[in-house]
Amino acid sequence: MLDNILKQVAEGNMSLEEAKKELATFENLGFAKVDHHRPKRQGFPEVIFGEGKTAQQIIEIAHSMLAKKVNILATRIEQEKAEIVKTSLPEFEYDPTSRTMILRNEEKPTILAGYIAVICAGTSDLPVTEEAAKTLEAFGIEVRRFYDVGVAGIHRLFNYIEEIQQATVSIVVAGMEGALPSVVGGLVSHPVIAVPTSVGYGANFQGLSALLTMLNSCASGISVVNIDNGFGGAYNAALIHRVANKIEN
Amino acid sequence: MLDNILKQVAEGNMSLEEAKKELATFENLGFAKVDHHRPKRQGFPEVIFGEGKTAQQIIEIAHSMLAKKVNILATRIEQEKAEIVKTSLPEFEYDPTSRTMILRNEEKPTILAGYIAVICAGTSDLPVTEEAAKTLEAFGIEVRRFYDVGVAGIHRLFNYIEEIQQATVSIVVAGMEGALPSVVGGLVSHPVIAVPTSVGYGANFQGLSALLTMLNSCASGISVVNIDNGFGGAYNAALIHRVANKIEN
Amino acid sequence: MLDNILKQVAEGNMSLEEAKKELATFENLGFAKVDHHRPKRQGFPEVIFGEGKTAQQIIEIAHSMLAKKVNILATRIEQEKAEIVKTSLPEFEYDPTSRTMILRNEEKPTILAGYIAVICAGTSDLPVTEEAAKTLEAFGIEVRRFYDVGVAGIHRLFNYIEEIQQATVSIVVAGMEGALPSVVGGLVSHPVIAVPTSVGYGANFQGLSALLTMLNSCASGISVVNIDNGFGGAYNAALIHRVANKIEN
Amino acid sequence: MLDNILKQVAEGNMSLEEAKKELATFENLGFAKVDHHRPKRQGFPEVIFGEGKTAQQIIEIAHSMLAKKVNILATRIEQEKAEIVKTSLPEFEYDPTSRTMILRNEEKPTILAGYIAVICAGTSDLPVTEEAAKTLEAFGIEVRRFYDVGVAGIHRLFNYIEEIQQATVSIVVAGMEGALPSVVGGLVSHPVIAVPTSVGYGANFQGLSALLTMLNSCASGISVVNIDNGFGGAYNAALIHRVANKIEN
Amino acid sequence: MLDNILKQVAEGNMSLEEAKKELATFENLGFAKVDHHRPKRQGFPEVIFGEGKTAQQIIEIAHSMLAKKVNILATRIEQEKAEIVKTSLPEFEYDPTSRTMILRNEEKPTILAGYIAVICAGTSDLPVTEEAAKTLEAFGIEVRRFYDVGVAGIHRLFNYIEEIQQATVSIVVAGMEGALPSVVGGLVSHPVIAVPTSVGYGANFQGLSALLTMLNSCASGISVVNIDNGFGGAYNAALIHRVANKIEN
Amino acid sequence: MLDNILKQVAEGNMSLEEAKKELATFENLGFAKVDHHRPKRQGFPEVIFGEGKTAQQIIEIAHSMLAKKVNILATRIEQEKAEIVKTSLPEFEYDPTSRTMILRNEEKPTILAGYIAVICAGTSDLPVTEEAAKTLEAFGIEVRRFYDVGVAGIHRLFNYIEEIQQATVSIVVAGMEGALPSVVGGLVSHPVIAVPTSVGYGANFQGLSALLTMLNSCASGISVVNIDNGFGGAYNAALIHRVANKIEN
Amino acid sequence: MLDNILKQVAEGNMSLEEAKKELATFENLGFAKVDHHRPKRQGFPEVIFGEGKTAQQIIEIAHSMLAKKVNILATRIEQEKAEIVKTSLPEFEYDPTSRTMILRNEEKPTILAGYIAVICAGTSDLPVTEEAAKTLEAFGIEVRRFYDVGVAGIHRLFNYIEEIQQATVSIVVAGMEGALPSVVGGLVSHPVIAVPTSVGYGANFQGLSALLTMLNSCASGISVVNIDNGFGGAYNAALIHRVANKIEN
Amino acid sequence: MLDNILKQVAEGNMSLEEAKKELATFENLGFAKVDHHRPKRQGFPEVIFGEGKTAQQIIEIAHSMLAKKVNILATRIEQEKAEIVKTSLPEFEYDPTSRTMILRNEEKPTILAGYIAVICAGTSDLPVTEEAAKTLEAFGIEVRRFYDVGVAGIHRLFNYIEEIQQATVSIVVAGMEGALPSVVGGLVSHPVIAVPTSVGYGANFQGLSALLTMLNSCASGISVVNIDNGFGGAYNAALIHRVANKIEN
C-alpha cells in the first residue's frame, strides 16, 4: 500500500497534501489498525466497562455504537444504573447476576464451531462466572456451563469431565482456595484460563489466596487473569476459540 | 493431695518447712505437670529440635535423656552434624531425606491400633513429608505413605482413597499451589492436618501460596500448621491418634 | 459390591442397562460417598453457610433437609435475615451473638462421652467463639466454655486449667496478638485447634497478627484454621471428638 | 467400551476377575487418560523439571523414556549437572542460557503451520525467554524471536510488529516494570501469554512488580503465568498453537 | 545580619533584650525562612489540603490568606463542602472532577515561558490528573493536556509526541498497570513525574501495582510520588518549571 | 549564657568575632547539645555499631574515644573481626554470643539503685538477649537474667515472677510467636520493652510474626523496638532506669 | 503469709477448709495480684475500652466502678454513644476530638512532679494525640502539648525544644511518613514513646508507613506502640513517669 | 522533511525504493530519535548497567562506544570484574565505594552553571550516594557532598543548609527510617529527588520502610526513585539541572 501511494505521487495522480494525509493513515495502520478495526473484523461486539461511568455516559457511548451493527456489551452495571440506561435504550437486556447488559444488533451473527467450557467452584462465584459466560455469548460463542463443581466434592466434576474435555478451551472460576483450575488442568488437554475471585474471608485477602494458587499451579496449560476479571477471562478464551476456527484476524 | 499435706501439718506429721516445699511443688504441678510428665506418660519420645544447635549440644542433651528409656528423636539435623553425633552415640540412625535421627531406647514399645495416612503432592515435598512420617514412627504409630498424588493427576489419589479413608487421621503435605488437602478433605471423614511446604518459586513466596490455600480450603475438617513443619503436623496427628486409642493422657 | 454386580450380570440377573447404572453409582461411591452420606452417618447436622445467601434460599434449602431428620444448622445469619427465615420455619432458634440458627430435628440424639473445651481470650472474640460452641452443640457434643481468659491476665486461665485438661480437645479463639493457644497448648496434652479472629486494629491487619502468632506457636499440638472461622474450628474438633468416641465413620 | 465389557461378561466371554481389572482401567481412563496418553497423542515430548533432582535421577527418568520415541526435554538444569547427565546420555544437547537439555528422539517429527512470537523486554530476561523458546522448539513448533524490545525504547518493537501480528500467539517476557505485554496486547489480535521475570532490584520484590503489572493490564487478551515460568508460558502457547492447527486432542 | 546585631549591642544602640529577640528571629530565619516566605517569593499560591478539614476550617484559613494577594488553592474538597465554603467566599471556583477550588487573588500574575505536559492513561484517572493540572494553573503555569493515551492503544500517544517533547517536564498519571510513564520516559528528554492512581481492582491492591511499575521503570528520568497524589506531582513539576525559567528562589 | 555573651559584648569584654563564634556554639547547643554531651553526662559509654564497619574503622573510632574515660561498647561484631580489633586494643573483652565487645575505661563507675529484668523465651533468642544484657552492663546497670521461660511452659516464668516484679523495667525478648511480653506485661506494673527476634521459620517471615504480636499486645504498658534490636531495647530501658534513679540528664 | 497460714493450721487455729480457701487466694496472689490491685495502688483510673461495647454495657461497667473512688476513663466512644451514657451518668465529661469520656471520682488526687511532653506532627493526628493527653490527665499527670510541629517545617519544633527536653518522657504522634519521633529522639535525653497514626493515603497503607519508620528509627531511645494507639502510648509514658516519681508500685 | 521526500518523488528526483527507505527512517525518527541521539546531544555519557553482565560483555560494549567521544560510565561493577575490564581498557577509573567505572573520553567537556547537592543520612548509605555523585560527575555536573547528616542529629544538617539551598536540585539518600528527605524538603525551595536505600535490618524489609517514608512525605517537592537506585536519582537530577541551564534538548 505504501508502494501504491508513492507510485501515485510519482505519477502525479496524487497531490502532496493527499499523500501526506494517506501516509499519516498508513503510519497509524502500521501499528494501530487493530484498535479501530479489530472488533469489526472479528465480529466481537463493542464492550463498555461500566464501573465508574454514569448511566448517561453509557447511553451516549451506546448510541454512538448503534450504527456499527455489532452487539453492544456493557459490564459491571448495577441494577439501578441499568434501569436508567433502559429508559433510553430499551433494547438492552440486563442480567443482574453477571451485572452485564447486552444489546443485540448484529446484522449477520457469527457462526463458530465448538464451545467453551465455563466452570466454577461454588455458587458464590456466579457473578464473575456469568460475566465470563455472558461475554462469550455476546461474542457469538457457544458456552457450556459446569457450576458448583469445586474440589471439596470432586466427584461432581467427574460427572461432566468428558463434555469438558471436548471444549476448545476452559474458563475455570474459583474463590476461596482456588484449587479447581489445577484439577481441571490435569484432566483436559486444551488451554485453561483461570479466573480467581474475591470470594472468601480472613486469610483469603480479597482473592489473593486464589490468585496465588492459580499462578503456582503444578498442572501445565493454565494461565491466569486478574481477580474477579470474568470479562478478561472470556476475552482470552474467545481469542483462542477464534484461532481454533481458523478465522483470519 | 492438697488435703493430704494440710492434714499432715494439722496432725503434726509434717514440718512447716516441708509443707512449704510440698506446696510449692503442688503449685507447680497445678499447671506444669504436663511439661515434665507428658512425654513419659504418653510414650512419646523426647524430641530435640536440631536447628541452631551444635552437634556437641545435641550429644549432651541426648546423653541426659538416655536414662529415661524412651526413644530419642532429633529433627532438622544436617548430614555432617549427624555424623559427628554418631561418633559419640552410634545407636542413632540417621535419615538424610527427612534430616531426622532416632535412637531407639524404649523398654516396652507402645502398641496402638490403626494407622495414620501420610500423603504428599510431589517428590519435592519428601523432606517435610518424611519428617512427619519418621516422627510418627518414632512415636510408635503405624504410618501408611501415599506419595506423589498431587491434584494435577488426581486419579493417582483415587487408586488409594479407600486405604486413606480407613486411617484415623491424614497428614497432607503440599507445596506449589497446595491444593491437595482440599481434595483429600472432601473424600475422607476423619481429621486432616495440612502441612504447606516452601516448594515452589516466583509467586509461591516461600510457601505463602500453599499456606493461604490450605487456610482457605472450602473442605471442612482441615487444620493447618506452619510452612515446612512436618514435625508439628505429625505431633498433632499423634495426639489425635492417641485419643482414638482411648489412652488416658 | 462390584463383585456382586458383575456376578448378577454374568448370571443374567441384571440387564446391561441396570449394570451400567449401578456401576456409575459405584464409581461415584468410590470417592463420593462421603459427601452424600457422611453427615447422616456421623449424626452431624446439615450445615448452611448463610453468607451471601438470601433468606429465601435458606428457607428452600432447609425445607429440602427436613425429611432427613437431622438437626439443621445455619451460620453467618444476620438478625434481619433470621427473622424472615423464622416466619417460614418458626422452629429455628436464632442466636444473635454467634449469628447461628438451629432447627432441632434429630430423631434420636447422639450421646457422646466427654466434652470439648471452648476457650476465648476476650469478650470481643465472642461471636466467633459462640459460632464454634453452637456448632458443637448442634452436633450433639457437650461444650464447656472458658471465656475472657486472655494472656494479659493469665491467672484467670489457671483457675480452670484442670477442667480444660480433662477435655478431649480444646478450641482456643483469640484476636489481638493471639497468644492464648500457645499458653493453653503448653498446659494440656490433647489437640488444640486455634482460631484467630479479626478483633484488633492498626498493625493487627484484620487478624493477620493473630493468625501468624498461632502458626508460629512454639507449643506443639496446635493446628490453625482461617481467621474468624469458628465453624471450621468446631468441625475439626468434632471430628476428633468422634474419633475419641470410637464411632465408626 | 463399558458396554463391551459388560456384554462379554454377560455372554461368559470374560471372567469376573478380568472384568474387574478392565473396569478399573476404564475408571482410570474416565478421568486419567490425558495423563498417560496426552504427550504421545500430541507429539509433545516428555518434560523433566530438573530443579531439585540429582543428575542420577534425571538420567534414570530419561532412560525410562527412551523407548517412547518422543523428544525428551529437561528444564532448569545447571551446567555442572548437565555435564554429568551427558556422560551417560551424550545425545542430549545442553543450552546454558535457558538451562534446558533436549534429546531428539522423535520418530516422525510433527509439522505444524504457523509460528509463535517469543518477545522479551531486555537481555537480562533471556534465560526465561529462551526456556520458553527452547520448549516450543522441543515441541516441534516454529519460534520467531523478538528480543530486547522493551517499552523504554518502544520504536524497536514497531520495527517488527507486522511479523509479530502474523503469529498464532505471542509469549511476552519482561522483568523490571513488566509493561511490554500491555503494549503488545494493544497491537495484536491473537492471545498473549505474559511471563513476568524476577529481573530487577529494590521495589521489584523478586518479580512481584512485573507480575502485578501484567495481571492489571488494561489491554484485553493477556493472561499470565508464574514469575520466571518460561516453560509454563510455552506450554500454554503450544496448546493454543495446536488448537489453531486443528489437531484432534 | 548577625554582625549588625552584635555591632549595635557593642555600640550600645540595642538593648540586651532587643538583641536576644532579634537573635531568636535570626536563628529561626537560619533554617525556616523558606516556610513563611517561599510561597510569596515564588508566586505560588497558598494551598489548603481539604481532606479531614471542615468547611468552616477551610473558610477561616482562606480568610486569613486573603490579605496576601496570592491565589488560594484548596484540594480534596467534596462538592457538598465546596458549596458551604462558597456561601462565605463566593469568589472560589469549584471543579468537581479534580475536587479543587481556586480563589484568584493575584495582584500581578506570574508569566512563565513554556508549558508542562499533563498526560493520563485512561478516563478513570481524570480526578487525579485534573488535580495536577488545576494545581499548575493555579500556580500560573501553562498546561497542555494529553488524556486517554494509555499503552493498550499506544498510537494515540504518538499522535501528540512532538508536542509532549517540547514541554519542560511531563506529569504522567496512570492506574491499572501504570505502564505509561515508562513509554513516555523513553520518548522524551525532559524529567518525567509519574503519578500512580488507585484506579483498578483485584490484584491492583489500591494502586500498589501502578506504584511498583513506576518505581521499577526501565526508562531513566522518571521519579514517582504517592498514589493519587496529583497535587504532589504538580508541585514537583512546578519547581522544575520555575528552575527552567531561571527565577531566583 | 546568651545573656552573658551579649553582656560581655555590650561591656566591650568580648570581640565581635569571639561573640559570633560563641553564638554559633550556642546555636548548636540550642538543639544539639544532647548529641555531643549526652553520653558523658549520663555516664553512658560510647557505642559503635559494628555492622558494615571494618575492623580498621572500629579501631580508629575506639582510639579516638579512649581519652574520654568512658566505657566503649561495640555491637554486632563477628568473632573474626573482634580478633583483629583485639590485636590493636587487647583491653577489649569479646562475647561471642551477643557479638559485643567492651573496653572498660570508666574513671569512676556509675552506681545506680535497682536492676533491670532481661527475659527471653527460648535459647535461640540468646544472641539478641545478651546484646541487650551486655549493653546494660556496659552502661553500669545491674541486670538479672531470666532465660528460656517461653509461654509453651509458662510455669517456668512463674518461678521467677516476684524477682521480675521488683525490677524497674523489663526487657522481654522473643521470636517464634512472640507471646511472652503479653504474659509478662500482665504480671508486672513497670514498663515492658518488647524485642522481637527473627528466630523462626516459614510463616514467621523473619520476625514479622513476633513483631506484630507485640504491637497488638492486649496487655498495657508494652512498647516495641525493631526486630533483633537488643541494643535498642537496652538503650530504652537504660533511659527509664536513669529516670528512676533521679539523675539529672 | 504462707508461713502464717500453715502455722495456724499446725496450731489448730484454722480449719482445713479455710486453709484450702486461703491457699487458693494466695496462689492467685502469687501471680495475679497486679491485675486486681494495680489500678488502685497506682492511683490509675479504671479504663473502659469502648470500641465494640454498647452504651448500656459501658453504663453498667461504670456503675460497678463508682464505689472504688478512682477516676473512670472510657476511650473510643463515639459522640452518639457518649450522649446515651451521659443520660445515666451525667458526671461524665465527653471530649469529641479524643473520643474519650472521664468521670472524676478520685478521693484524693495524685500529685506527681514533672510533666510529659505530648507532641504531634499535624492537625490530622489530633484524635490520637488527644486520646494520649486525656489519658494522662485522667491519670493525674501534667501534660504539655506541642502540636503541629512536623518535620516539613522543622523550625516549629525548635521553638519548643527546651521545654520538651525538661519532660520526663515524650509521646510523639505522627502519621504520613512518621518521621517526627526520630528528630525528637535525637534532641532529648529521656525516653520517647512513638505512636504511629493511620493518617495518610495511598502508599501509607493505613499507618504501615509511619509504623515502619518509627521501628527503624536511627535515633536511640525510641520505642513504638500500635497504630492509632494513643491510650497505649499514654499508659507506657505514665508507667515511666511514675517510676520517675519513685512511687512504690 | 516529509514534504521534501514527497516532493522529490513527485519531481522524479527520488526512486520509489529510496523514498520507502527514507520514510521508514522518518517514521522511526518520529518517536525514536531520542533514543539514539539523546545522549550525544545532551553530552550525557553512555551508561552501561553492569549487573548481570560479564566483564567480557562490558569490554565489548565499551569498545563500540569509544568512537563517539563521550564519557563512558559503567555502574554496579564488582571489584573483581572491574579489574578484568581494566586489563583490556586501562583508561577506566574504578571507584570501589560506588562500584562505578568511568572512562573519560569527552572531546570538549560540558560546562554547566550551578551544582547539585548530594546528601546522605549515614555512612552506610555511601555506596548508593556515591553512585549518584559519580554519575553526576561523569555527566559533567558539579556535585557538593553533604554526608552523614541524618535526622537523629539534625543540627549537622543545619550547618550546611545555606549551601544546600543554593543548589539547583538536591538528591537525598537515606536508609533505615528514610526521614531525611522530608526534613530537607521543608528547608529548600528546589526539587528534591529522594533515594531510599536497603540499609537497615528487621522491619526495614530491605528498604521498604525508607521507600514508604519518602512516598508519604508531608513535605512538598519530593519525588522518589527505586530502592538503591543512585544512578536513577542522579539521572533525574541531571535532567533538571540541564533544564536550569537552558540547554536545548
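The chains carry the letters A, B, C, D, E, F, G and H, assigned in the order they are written, with residues numbered from 1 in each.
Criterion: a residue touches a chain if its C-beta (ideal position, glycine included) is under 8 Å from a C-beta of that chain, and two chains touch if they have at least 3 such contacts.
Note that this is a predicted model, so its numbers are computed, not measured.
A.B. asks: What chains touch chain B and also chain G?
C.D. replies: Output, common partners of chain B and chain G: C, F.
A.B. asks: Quickly list, by label, the chains bordering both chain A and chain G.
C.D. replies: B, C, E, H
A.B. asks: From the C-alpha centres, identify the chain that is farthest from chain C.
C.D. replies: In terms of C-alpha centroids, the chain at the greatest distance from chain C is H.
A.B. asks: Can you spot which of D-E, C-D or F-G is a repeat of the B-G interface, where more than half the contact pairs line up?
C.D. replies: It is C-D that reproduces the contact pattern of B-G.
A.B. asks: On a C-alpha centroid basis, what's the spacing between chain A and chain H, in Å?
C.D. replies: 43
A.B. asks: So, what's the distance in Å between the C-alpha centres of chain H and chain D?
C.D. replies: Roughly 40 Å, centre to centre.
A.B. asks: Counting in whole Å, what is the centre-to-centre distance of chain E and chain H, each centre being its mean C-alpha position?
C.D. replies: The mean C-alpha positions of chain E and chain H differ by 24 Å.
A.B. asks: Hunt down the residues of chain H that sit against at least two other chains at once, touch-wise.
C.D. replies: Each of 27, 30-32, 35, 153-154, 186-187, 202-204, 208, 211, 215-216, 220, 226-227 in chain H touches at least two other chains.
A.B. asks: Dump the list of chain pairs that touch, please.
C.D. replies: A-B, A-C, A-D, A-E, A-H, B-C, B-D, B-F, B-G, C-D, C-F, C-G, D-E, D-H, E-F, E-G, E-H, F-G, F-H, G-H
A.B. asks: Could you please specify the touching residues of chain C with respect to chain G in the complex?
C.D. replies: Residues of chain C touching chain G: 124, 153-156, 159, 199, 201-204.
A.B. asks: Spell out the residues on chain C that touch chain A in their complex, using ranges where they run on.
C.D. replies: Within the complex, chain C touches chain A at residues 27-28, 31-32, 35, 51-52, 196, 198, 206-208, 211, 226-229.
A.B. asks: Where on chain C does chain D make contact in their complex?
C.D. replies: Going through chain C, the ones touching chain D are 2-3, 6-7, 9-10, 12, 16, 19-20, 23, 27, 30.
A.B. asks: Would you tell me which residues of chain F are touching chain G in their complex?
C.D. replies: So the residues of chain F in touch with chain G come to 30-32, 34-35, 38, 41-42, 158, 161, 165, 168-169, 186-191, 193, 211, 215-216, 220-227, 231-233, 235-236, 239-240, 243-244, 246, 249.
A.B. asks: Considering only the defined contacts, which chain H positions touch chain G in the complex?
C.D. replies: The touching residues are 121-122, 150-154, 176-179, 182-183, 185-187, 200, 202-205, 208-210, 212-220.
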